[in-house]
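This structure is in C-alpha cells; I'll ask about it shortly.
For clarity, chains are labelled A, B, C, D, E and F in written order, and residue numbers in each chain start from 1.
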Amino acid sequence: MRGDGRTPGQLRPVTVERGWSKHAEGSVLVSFGDTRVLCTASVTEGVPRWRKGSGEGWVTAEYSMLPRATNTRGDRESVRGRIGGRTHEISRLIGRSLRAVIDYKALGENTVVLDCDVLQADGGTRTAAITGAYVALADAVAWAQRNKLVRPKAQPLTGTVSAVSVGIVGGVPMLDLAYEEDVRAETDMNVVCTGDGRFVEVQGTAEGQPFDRAELDALLDLAVTGCTELALAQRTALEQELPA
Amino acid sequence: MRGDGRTPGQLRPVTVERGWSKHAEGSVLVSFGDTRVLCTASVTEGVPRWRKGSGEGWVTAEYSMLPRATNTRGDRESVRGRIGGRTHEISRLIGRSLRAVIDYKALGENTVVLDCDVLQADGGTRTAAITGAYVALADAVAWAQRNKLVRPKAQPLTGTVSAVSVGIVGGVPMLDLAYEEDVRAETDMNVVCTGDGRFVEVQGTAEGQPFDRAELDALLDLAVTGCTELALAQRTALEQELPA
Amino acid sequence: MRGDGRTPGQLRPVTVERGWSKHAEGSVLVSFGDTRVLCTASVTEGVPRWRKGSGEGWVTAEYSMLPRATNTRGDRESVRGRIGGRTHEISRLIGRSLRAVIDYKALGENTVVLDCDVLQADGGTRTAAITGAYVALADAVAWAQRNKLVRPKAQPLTGTVSAVSVGIVGGVPMLDLAYEEDVRAETDMNVVCTGDGRFVEVQGTAEGQPFDRAELDALLDLAVTGCTELALAQRTALEQELPA
Amino acid sequence: MRGDGRTPGQLRPVTVERGWSKHAEGSVLVSFGDTRVLCTASVTEGVPRWRKGSGEGWVTAEYSMLPRATNTRGDRESVRGRIGGRTHEISRLIGRSLRAVIDYKALGENTVVLDCDVLQADGGTRTAAITGAYVALADAVAWAQRNKLVRPKAQPLTGTVSAVSVGIVGGVPMLDLAYEEDVRAETDMNVVCTGDGRFVEVQGTAEGQPFDRAELDALLDLAVTGCTELALAQRTALEQELPA
Amino acid sequence: MRGDGRTPGQLRPVTVERGWSKHAEGSVLVSFGDTRVLCTASVTEGVPRWRKGSGEGWVTAEYSMLPRATNTRGDRESVRGRIGGRTHEISRLIGRSLRAVIDYKALGENTVVLDCDVLQADGGTRTAAITGAYVALADAVAWAQRNKLVRPKAQPLTGTVSAVSVGIVGGVPMLDLAYEEDVRAETDMNVVCTGDGRFVEVQGTAEGQPFDRAELDALLDLAVTGCTELALAQRTALEQELPA
Amino acid sequence: MRGDGRTPGQLRPVTVERGWSKHAEGSVLVSFGDTRVLCTASVTEGVPRWRKGSGEGWVTAEYSMLPRATNTRGDRESVRGRIGGRTHEISRLIGRSLRAVIDYKALGENTVVLDCDVLQADGGTRTAAITGAYVALADAVAWAQRNKLVRPKAQPLTGTVSAVSVGIVGGVPMLDLAYEEDVRAETDMNVVCTGDGRFVEVQGTAEGQPFDRAELDALLDLAVTGCTELALAQRTALEQELPA
C-alpha cells in the first residue's frame, strides 16, 4: 500500500479539462493527482526559417514551472537570464514525443507550439505535460482543419501519445510516482507510449544502485499499462463537446 | 453601454479564490472578467543582504505572463534571456503597492515574495494582480503569525490595498477596461488605493491627446469607487474559511 | 525655506545648452540645479520592422546613468549584462512623453532616437531628461525638415512637452525635488505636461503614508506651474541661434 | 555489412589514451572510430555550497563540442551567450553516469569535474565521453589517494561504467552508430552500463516509427555486449603504466 | 599640412578640466581636439576578494562610449546585453596603463575605479582617456591622502602616465590622429609613456601593408614627443587650484 | 641558461601537424613546447551582411581555451554566459594578423573562420595560435582553389605570417616565453611578422617597471629572429603531402 492508499500499479486520479483558455487554439488543464499543468497549443501559419519551402510543418514545446509550483520557491529562469538544463531537457522530450504522432506533410507549413506550464508540482510533471499536451494538440489540429489551414482531408495526427513515470521504491516497482515517492526511488523511468502500446521514448535512470534486466522489464510492463489507461482518459476527454 | 453590457462605472465580475495552491503560504486565483491571475505568496525567514540586521522584513513581487495568456503567443522572457521593460515596470508597481500596507518592524526579518502569473489576459492584469496579491499576502501573514515567525501580537499588515484601471474611451470615462477598450482608450490610468480611499499610486498616461484636469478628476472619482468595491470583495473572500 | 534656499514652489536654476555635440542631429546639455543630462537626438531614415510601409515615423528613447553620476558608484548595466527595472521604466516614460507631441504621419518613415545620459544626478533626472530631450527633438525635426527627410510643410511636432517632479516633504508640497529632498519625501510625483498645461503623464507614488485627494490636487497645481516655467525656458533656448 | 565494413554487433576501433594533458589530475583522449573526445578530470578540495559540512564529495561533468568538430561549423555557445539544450542534456547524463559509481563518503569533501570536449565528431560523442571520462575519473581518484585528499584505504570508486549507442537502421539493430548511420536510424538508444552488466541509464527514442518491445529487447542485448567490451578496453588502459 | 592645419608632429588642442563632477573623488573632462572624455575616479575602501588580506590596493578602469558619441549612433552595450571586444580591450589597456604608476602597498587595501566615458569621439579616445584618467587618479589619490585612507606619507603614485596615438597616413608619420586620419592610416599605433619618457605600452597595428623597422622607429619618436607634451599639460592642470 | 635548458634566443620545439581533423577545410595541431593549439579553418560561401555585394571576402578568428588547458581549471565562458576581455582581445588579434596577408578581392565573397582552441597551455598560446592558424588558412585557401570557390589563378594569400612572444626576464631579453617565465617577466611583448620580416602587430606591455628604447629594440630584434624561424617551420609543413 502506498502513502496515498494506491496499489503499486495504480495511477493517481487523472483529470483532463479542455478549453481552459479563451485565446489558445487548444488548451488543457491536466492533473495527475496534485500535479497540475496548463497546456496550450498555439497554431501559426509558417514554419521556422530552416524549414521554409519544404511543404512540411513543425511542432515544438516549451516547459516551465511557476516559481511556487513546488514546495520551496524557485527563482524564475527569466530573472536568472538563462534556462536551466532540466527545463531544456523536458522541453525537448515533450517536443519529440508529440512529433512522433505528427505527419509533417499533412500539417503543411504550419507551426504548433505547445506551452506546458506547471501550476502545481507533485511528481510526474513531464509525463502529465505530455499527456495533456497531446489533447491540446488534437484540439489545435482540429481548429486548423476547421479553419482550412491544412488541406481538406489531411490528417496531421497519426496516432495518440501519453506518458507516465514508473520507478522502484523500496524494492517495489510502482506506477506514476508522486513527489514523495520519486525522491525515495532507487530507479526512475519515464515512458512515452503511443495508443497502440509501442514506445516513443524510454528514459530510465538508476538513482542509487544500477538496475538489472528483470527490474527494467517489470517497469516497462507497468508503464505500458499506465499509458493505456491514460490513452483512454485522453479519448474520453476528446469525445466530449468542447466548451464554448 | 459597453461591449460587454456594462455601464461606464461598473466593474467586471470579480472572483477571488483562496487556497489555490497546496504549497504556497498564500495563494489566490483572482479574476476580473476574463483576466485570470494566479498570485502566490512565499514566506521565507531572513531578508536580502542589504537589510540584514535591521530587524525589518521585506516584501517584493514578480509579475509574468504565460506565453499564450494573450491573443497571440508571446516569447518567453526566459527564452529571450532578459526581462522586458513592461514586466519590470509592473513587478515594481506591485511590490511598491503591497509594501504600502506593510509594517516592516512588525514583519520582522522575514521576506514575502508575491508571484503574479497571468494565466489569461483581457486587460487590467496589473490591477487584478495587485488586488489578488493583497489577499495572498494577508493569508501569508496569517500563516507567519500562526507559525510564530512574527512576534506575538505583531500586526505586519497596516491596511488593505486594491487597484483598478480607468480610462477615457470614445470620450467617456470608464472603469476597469477590458483589453478591447484599453486598446481604444485615449487616456489610460491605473490607480492603487487603500481600503480607506487614499492613494498609494496614480499612473495616468495620455495615449492619444493630452488630458485636462477635469478628465483627470473624473477618472480619479471612478477609480476610488472601483477600489472601494474591490476592497469589499477582498474582505468577503478573507472572511471565508480557507479550504484545507 | 528649503535646504538650498528655495521656496516650496520654486524650480532650481535651469539651463538648456543646445548644439552640445557635433555629431547628433539635435543635442542638449540640460541642467536642473546639479542634475545634468546630455540629451542627443539621432535621426535615421526608415522605421522598425513592425512599422514598415505604414508611412508613419517612430520616436523612442533610452535613458542611462554614468556609473559615477551618483554619490556612490553604481555598476554599469553593460557589465551586469542586463538593464535594470528603473532604467527600463524611465526610458519608456521618456519615449511616451515625446511621442505625445509627434504627428507620425508628418514625420514620415523616419526614426528619432533620444539618448538621455545622466552625467551628474541630484534628483529629477527623468524630468530633466524629458525637458531636455524635447529641445533636442525639436532641433532634430528642424534638421530633418532642412534636409528634406520630411515632406515640405510637414510639421511633425504638434506641441511642446516638459516635466517636473513634485512631492510632499515634511508635510509641505514642493516643486522640483533635489536628491536630498526626494529621499525624505512622503509622496513623490512626476508630471509631464504639454505647453498648454494639459497632462501627458501623471505618476504619483506614496513613499510612506498613502496620500489623499487634497494632497494630490496641491501637487498637481504645483506641477502645472513648474511645467509652464520649463516650457518658457525651452522656448527661449530654441529661439536662440544654434551654435555652428 | 555496414558502410565501414562492420557487422551489426561490432564496435568501431576504440582507443583510450591516458595522461594526455600535463595539467589535469586525470586526462584521456578517447576515440570510437573517428569520434575523438578529450576528457579531463579536475580535482579540487571542497564541495559546492549546498553540500558543505556533509562530509560527502561531488562529481559533475561538462560536455562541449569544438565549433568545427562537425561537418559544418557550429556557433560557439560562449559567443551565443547561452548553452543549448543538447549540451545541457548530455552534460547532465555524463554527470549522472559517473556519480553512479562514486561513494560520496569515501570521496570526502572533494569535487571532481569531468570536462568532455569533442575534438572530432562522428556519432556516439556522449557514449565515448562517458567511457573516456570514467578512465580519467579513475586516474583522478588514484591521484587523490596518492596525495592524501581521501582517507587512507577509502575507495571512492564502487565500480566501472561505460556507454554505447545502439539503434535500428534499415530494420536492423546495430551497435555503436557512426554519424551517417545515426542520421538514418529509426530508433536510437544510448545505454550506460556498469562493468557487471547492470543498467545505469537507458535512453531510447523513436526517431521515425514507435518501436515495440521486441525491438527494445534486441537493442538492450546489443548494448550490454558493447558495454562489456568497452569495460575491457577501460581495464586494459588502466592496467598500463601512466606516461610520466 | 594636415586637414585641420596641423603639422605632422603637432598635437590637437588639449584641455584638462578638473573637478567636473561633484560626486567623484577625482573627475576630469579631457579633450584632444573634438574628442571629449569624462574621466571619474571612484575610491572605495576594500579590494576585490582575490586581493583581500594582501595589504595591497587595486586600480581598474572601464571605458565606454555614449551611443551618439560617434557620427552614426551605436547600440548601447547594456541593451545588447554584452560588452564588445573593443570596449573590453580598451578598458584593460587603461587599467594596465594606470597600474604602471601605482605602488599597491602605499595605496593600501583601497580600490580606485576609473570610468572613462566618451561624450564625443573624433579619434584617439583611448589615449585621451588614459591621459585624463591619470589626472583624475591623481586627484583621487590626493583625496585618499587628505581623508586618511592611506598611511601618512604614503605615496601611492610612483610617476605620471599619458598616451597618444601615432600613425602613418599617406606615407607620412603623424602624431595624434583625428578620426578622419585614423581611417586612412596604413599603420596605427597607441603608445603609453611615463613622464620620464619610458614605455608602458606599445600597440602597433598594420592596417594595410606591414610596416618596417624604420617606420616603427619614426612612430615611436613622434609618440615620445607627444607624450612629453601631454605630461606637461597634466602637470599644469594639477598645479591649479581644484574648483570647490 | 633557462629553466628548460634553452638559450635566451632559442624557441621551444615547434611542431605543425596538418590535416588533424577530417571535417575542416584546413586543420593544424600546433605546439610550441607544451603549448598545444588546435587550429581549424572553415570555409563558407558568402560573407557577413555588411560586406555583401562588395565582391570581397572576409577572414575572422575565434580563440578559446579548454577549461583544463591550464594548471587550475577555469570556468567555461559558455557557462558564465559571456566572453571575457582576454578572449575577445586575442580573437581580434588573430583575426587582424591573418587578414594582413589576405587579398579580399582574390578571395571573393567567401568567408574563412579560424578557430583556435588551446588544448594545453604553457605560455605563448596566442602566438602559437597565429602561427598554426596561418597554416590552416593556407590549406583552406588551397581547398577553395581546388573546389573553384575562387576565380582561376586568384591568389588570396599575399604573404605568410607568424608570431612569437618575447620578454625581459630577470633583466635578460628572451624569446618564446614559457608560462613560468611569462609570470616573472618585467616586460612582455607579442610580435606578429610577415615572412619577409616586416611587422603586422607589435604589442609590448610593461608588467613591472616601464621599459626604455634600448630594451624595446633588443626585444624587437629577438622577435624578428624567432618569426623567421617559425616561417621556415610553416613552409616546411606546407611542403609536405597533406595526409588523406
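Operating definition for what follows: a residue touches a chain if its C-beta (ideal position, glycine included) is under 8 Å from a C-beta of that chain, and two chains touch if they have at least 3 such contacts.
As the structure is a computational prediction, the values presented were derived from the model and not from experiment.
Peer 1: From chain B, what is the lowest number of touch steps before chain F is reached?
Peer 2: Contact-graph shortest path, chain B to chain F, evaluates to 3.
Peer 1: Counting only C-alpha atoms to place each centre, which chain is farthest from chain B?
Peer 2: Relative to chain B, the chain whose C-alpha centre sits farthest away is F.
Peer 1: Most remote chain relative to chain E, going by C-alpha centroids?
Peer 2: It is A whose centre lies farthest from that of chain E.
Peer 1: Using mean CA coordinates as chain centres, what's the chain C-chain D distance in Å?
Peer 2: 59
Peer 1: For chain D versus chain E, what separation do you get between their C-alpha means, in angstrom?
Peer 2: Result: the chain centres lie 50 Å from each other.
Peer 1: Going by the contact rule already set, what residues in chain D reach two or more other chains?
Peer 2: Where chain D meets two or more other chains at a single residue, that happens at 81-83.
Peer 1: Output the ring sequence of chains, start chain B, direction chain C.
Peer 2: Start: chain B; next: chain C; complete ring order: B, C, E, F, D, A.
Peer 1: Sort out for me which residues of chain E touch chain F in the complex.
Peer 2: 82-86, 88-89, 91-92, 96, 100, 159, 189, 193-194, 196, 198-206, 209-213, 216, 220
Peer 1: Under the touch definition given earlier, write down the residues of chain C that touch chain E in their complex.
Peer 2: 21-24, 27, 34, 38, 40, 42, 44, 62, 64, 66-71, 73, 76-79, 81-83, 87, 113, 115, 117, 119-122
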